[in-house]
Amino acid sequence: MQVTGTVLTTRRVDAYHALTVVAPGIAERFRPGHFVSVAIGGPHTSMPTRRAFSVHDVKPDYGGTVELVFAVRGRGTAWLAERKARDTLDLVGPLGRPFPVPRDPCACVLVGGEYGSASLFALADTLQQRGCRVDFVLGAASADRVFGALRARRMGETTTLTTEDGSLGLRGRVTDVLPAVIADARADVVYACGPMAMLRGVTAVGVEFDIPVQVSVEESMACGYGVCMTCVIPVIGEDGVTRMVRSCVEGPVFRGERVRFEDIGTIPFDALGAPGGRAQEGGAHTRNVS
Amino acid sequence: MSVDMRTYLAHVELANPITTAAGCAASGAELSQFFDLARLGAVVTRSITMAPRAGRPTPRMAETPSGMLNAVGLQGPGVEVFLEGELPRLVERGARAVVSIAGGSVAEYTALARRLADAPGVAAIEVNLSCPNVEDLGRVFARDPAASAEVIASVRATMRYDVPVVAKLAPDVADIVAVARACIDGGADALAMINTPLGMSIDVDTMRPALAAGTGGLSGPAIRPLAVRCLWQVHAALPGVPIVGMGGVMTGRDALELILAGACAVSVGTALFHDPYACLRILRELEDLLKERGFERLADAVGLAHRPPGAGPRHRIDLEESSL
Amino acid sequence: MSVDMRTYLAHVELANPITTAAGCAASGAELSQFFDLARLGAVVTRSITMAPRAGRPTPRMAETPSGMLNAVGLQGPGVEVFLEGELPRLVERGARAVVSIAGGSVAEYTALARRLADAPGVAAIEVNLSCPNVEDLGRVFARDPAASAEVIASVRATMRYDVPVVAKLAPDVADIVAVARACIDGGADALAMINTPLGMSIDVDTMRPALAAGTGGLSGPAIRPLAVRCLWQVHAALPGVPIVGMGGVMTGRDALELILAGACAVSVGTALFHDPYACLRILRELEDLLKERGFERLADAVGLAHRPPGAGPRHRIDLEESSL
Amino acid sequence: MQVTGTVLTTRRVDAYHALTVVAPGIAERFRPGHFVSVAIGGPHTSMPTRRAFSVHDVKPDYGGTVELVFAVRGRGTAWLAERKARDTLDLVGPLGRPFPVPRDPCACVLVGGEYGSASLFALADTLQQRGCRVDFVLGAASADRVFGALRARRMGETTTLTTEDGSLGLRGRVTDVLPAVIADARADVVYACGPMAMLRGVTAVGVEFDIPVQVSVEESMACGYGVCMTCVIPVIGEDGVTRMVRSCVEGPVFRGERVRFEDIGTIPFDALGAPGGRAQEGGAHTRNVS
């Protein structure tokens, strides 16, 4: 649903900006892993595409608020960083397939890279309410870019931090410490949100331990609700066939083993409908429009 | 009093002039979560191909000033799956379905027309001519009047006589009127314009093209002046031909601009990415604008900006083709 | 350490790559109130015609999303007055003058070249090919490779051998590479692109075209993706040819985008209307961006986005010509 | 010069908006009749062209302020109407040729239509300082669109108001009352600012009385400083030749009799360089590019 929300508070959190927006309809329907898309630049903007952000937190204040945490990257996030309390913001959401949560209590490791951690706390909450054990592994390039370390320490059974420059926690990457955390926690499942390279690494660790990994991916998006076909990644279906699937509606959360991380940014030759490939579904003709 | 918003694609009546633009509403199912598709003049489907297509690699989109580039590459399920699932579901939902088709050769367009000829619920066929012709070194059909006419003639001959064939044209040609005329001579019942002109964007940080495919189609408000100009020229040259206008329509005012230039229906593409309700909002705004201006029927506004100027000297239109 | 910003139009050295765009700096005198014209790579003059021209009626301009339409119609004093006043004053001010010329026939372009051949201070001639050819029903030269080549060949034969001839191309053609190649074969020493594509805007309140002339040339950021695409295609096909890039450059980042696509110089048009200092600001920003990226010479950035991609699979460029 | 000014105050004045902006450099150089151009929509705007506005008032506060008075017409003025105190505004100015003022004291009638009156008060001030008598005639479609009536009453020897609907002053147009005002004041010169049709009418009255009329015209402008050639109107030169001259640098103030009002929006056939016309200056060739 589309909501014109009012900005309640803005704050800086190390390298990030956080915006809390009154958006009752979205807050109400929210489940961990959902994202929202934000219109940028006001009525006479030169930026016609929305920007996607995970929902960090929802609170019941003012009928329901959502909090976004973001890094300034390009023109849109720069604009967003200039919003002040009482400005209005046009949001669409909640969007996407949320994190699936286990029916029965189990041990979960939550892995966050950079601002990716932001979407893990609502998930941790839900998991703990269901009696799950939660352990955190959070990493980033440097200390100021590790998001939510304090909150993780408060919530998690254990919290392990890594930075590439060693300015906080262990020097290295989340995948360096993940095996030990999984082993110690006797984890049943891993949830991960962060850069693609990290998700790929976390998935590989999961495969090694033979436990499922739920990853939340980030691909360039124009619409966020399934109509533009710009956000696809190669994913292996139940039937073993690779398809280019929309990460906004079929994701952003996928089973890590199903995502062909190494082929992101390409059309794998064996994907359904790949140029020159066999057309596995339908199609008397196999001749492709170049 | 409400405005009579009905419009016609050849003999096919649409309840109102607003449709989705080809390739901008996926299967239709996504939008139908937000509103009843039957409220649209028509749903134009993505361009259907014979075989399933995986499309182009990502990144497939980049934002540009008041526009966006896309290189989706006609990702879609292929005509068989379309006929089994997408099309019947659109029909069930009460939507008027205009089916867009895309091919790499005249034979492929013709084969698509043959597969669609007996399908129930095809209100019209829109022929996407912005495809590379594999038999002509990948030269895009829409850039060649003769190749466009050949495709249209073959599709027209194959489709049921009572299903209008709409030729969809691209603006990046030297003479849009020549292509339009060739399509009409080839048997097209109507025209649609404009498809996306080819554009490109380079990321100055990575110093590489922003799209994996390099180039992509430019859409959104940035191209509206090109759309208005193409509509104007073609409506002036072929005043009796129904034209579906599109290109950067975000509001009812934008839709009215295209209608005044000569469009009898208006498709909405990029605006849908910003707002799932864009089509209905634009329809409402358009109706209000027509009402404010005293129109009783949409049809009376079509091409109205071409009328001979009033007394005022401000309005001498001099149609020289140079931009300078 | 500062970046070596020198660039070359054929053998003519420019101190830096930033120039005014033709027709966007009037006589040069207006800008020289704000800064020293000698600080620009060059001043490109308005397009000079044989006779004085009054141009088109007003309104001559309309704003569009991230762009503007203009129909100035080459208003100017004619070549004699230009040679007596404007040109000598540019030279006095120490500006590098690139003289743009426009004609209605091959003979007229040739006559202009003849008048300019002996004029002191002509650093290069830019041939504006976006003019209607009175001998071909008003068809614009730039839309026809053969007509473009004929103009260029005649101007090249007439101009002094040491004055480079630059062919200025428009994007609204089916195949920009074909036109570019024809101009080079005709003897052009360099290319300039893009001139404004033809656009139009209708005022939905008066329900009439916004410009008195009906159509006009579209400029500004909206067209940058078209400029980048044209530069990319032409630089890929003719890598040795110097190209002056233009179209929607408002910042140093925009200029760098055009340079990475293949431009060795960049002209600034619409941005000047917003900011008289635009050229100097863009030059400074460009130099900073090059420095940040570790370039020692501007020349090393020209066309760099064409380099074979690195290892990453993100960067597979597939140069199919369709926009879908 | 280009100035990033801070908005000091905003107010509504009947149908108009008034913005006071701190812009010392511009205020200092200002002379009555000058205008400024304003950048619209902020850094990521979709509106690349500036908007032109007469300067209503300059004050010495904060080093120098300028006040603009404007009507909301399209997207740009709508945006401007939303500016608040402390916002910044990018101005270029002062631009144009100001009103010429007489060397010796004389009687001046100042005629303003709609927001056109705004530029007359600074002029009246200057004229009065030089010992001139000033009479005002202000008109508009309706009472709420007559700008500056109070101030005119305070400053002018006489003030005559007209509205087309009769809601203020006399029902009718400024040209209906102007002859009487000129006669009563024994006016030596008329200054006028307002819509083209009004300027044309005022000029005709001036011609009748054989006194000079200085008109300030308004033509669509893209640059405001002489480089784009979009703002031209047909003006008869000293040599009797009509030229298409730029109203931003050669105007906006012209001698009314020199302006070919009836031909605005055309290229008069006898203008220098008109299509098919004789080329009066230069040009061995008379063949025009179409």
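Going in written order, the chains are labelled A, B, C and D, and every chain counts its residues from 1.
Everything that follows uses one rule, which is that a residue touches a chain if its C-beta (ideal position, glycine included) is under 8 Å from a C-beta of that chain, and two chains touch if they have at least 3 such contacts.
Everything numeric in this text was worked out from a predicted model, so none of it was measured.
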{"item": "Selected interface, C-D versus B-D, where C-beta contact pairs are more numerous", "value": "C-D"}
{"item": "Whole-Å gap separating chain B and chain D, where each centre is the average of the chain's CA atoms", "value": "45"}
{"item": "Centroid distance [mean C-alpha coordinates] between chain D and chain C, Å", "value": "35"}
{"item": "Separation of chain B from chain C, taking each centre as the mean of its C-alpha atoms, in whole Å", "value": "32"}
{"item": "Whole-Å gap separating chain A and chain D, where each centre is the average of the chain's CA atoms", "value": "57"}
{"item": "For chain C, residues contacting two or more additional chains", "value": "23, 56-57, 59, 65-67, 72, 74, 102, 131-132, 138, 212, 220-221, 313-316, 320, 322"}
{"item": "Residues of chain D engaged with two or more neighbouring chains", "value": "46-47, 264-266, 290"}
{"item": "Pairwise touch network: line, ring, star, complete, or other", "value": "complete"}
{"item": "Chain A residues touching chain C - in the complex, by the definition given at the top", "value": "46, 262-266, 290"}
{"item": "For the chain C and chain B complex, residues of the former touching the latter", "value": "23, 47, 56-57, 59, 64-67, 69, 71-74, 102, 128, 130-132, 138-140, 143-144, 170-175, 195-202, 204, 207-209, 212-218, 220-226, 228-229, 232, 248, 253, 256-257, 260-261, 289, 293, 301, 304-305, 309, 313-324"}
{"item": "For the chain D and chain A complex, residues of the former touching the latter", "value": "40-42, 44-47, 75, 79"}
{"item": "Chain C - residues contacting chain D, complex", "value": "23-26, 30-31, 46, 49-63, 65-68, 70, 72, 74-81, 84, 102-105, 108, 111, 131-132, 134, 138, 212, 220-221, 250, 270, 272-277"}
{"item": "Chain B-touching residues of chain A, taken from the complex the two chains share", "value": "2, 39, 46-50, 76, 92, 219-233, 243-244, 249, 264-267, 271-275, 277, 279-290"}
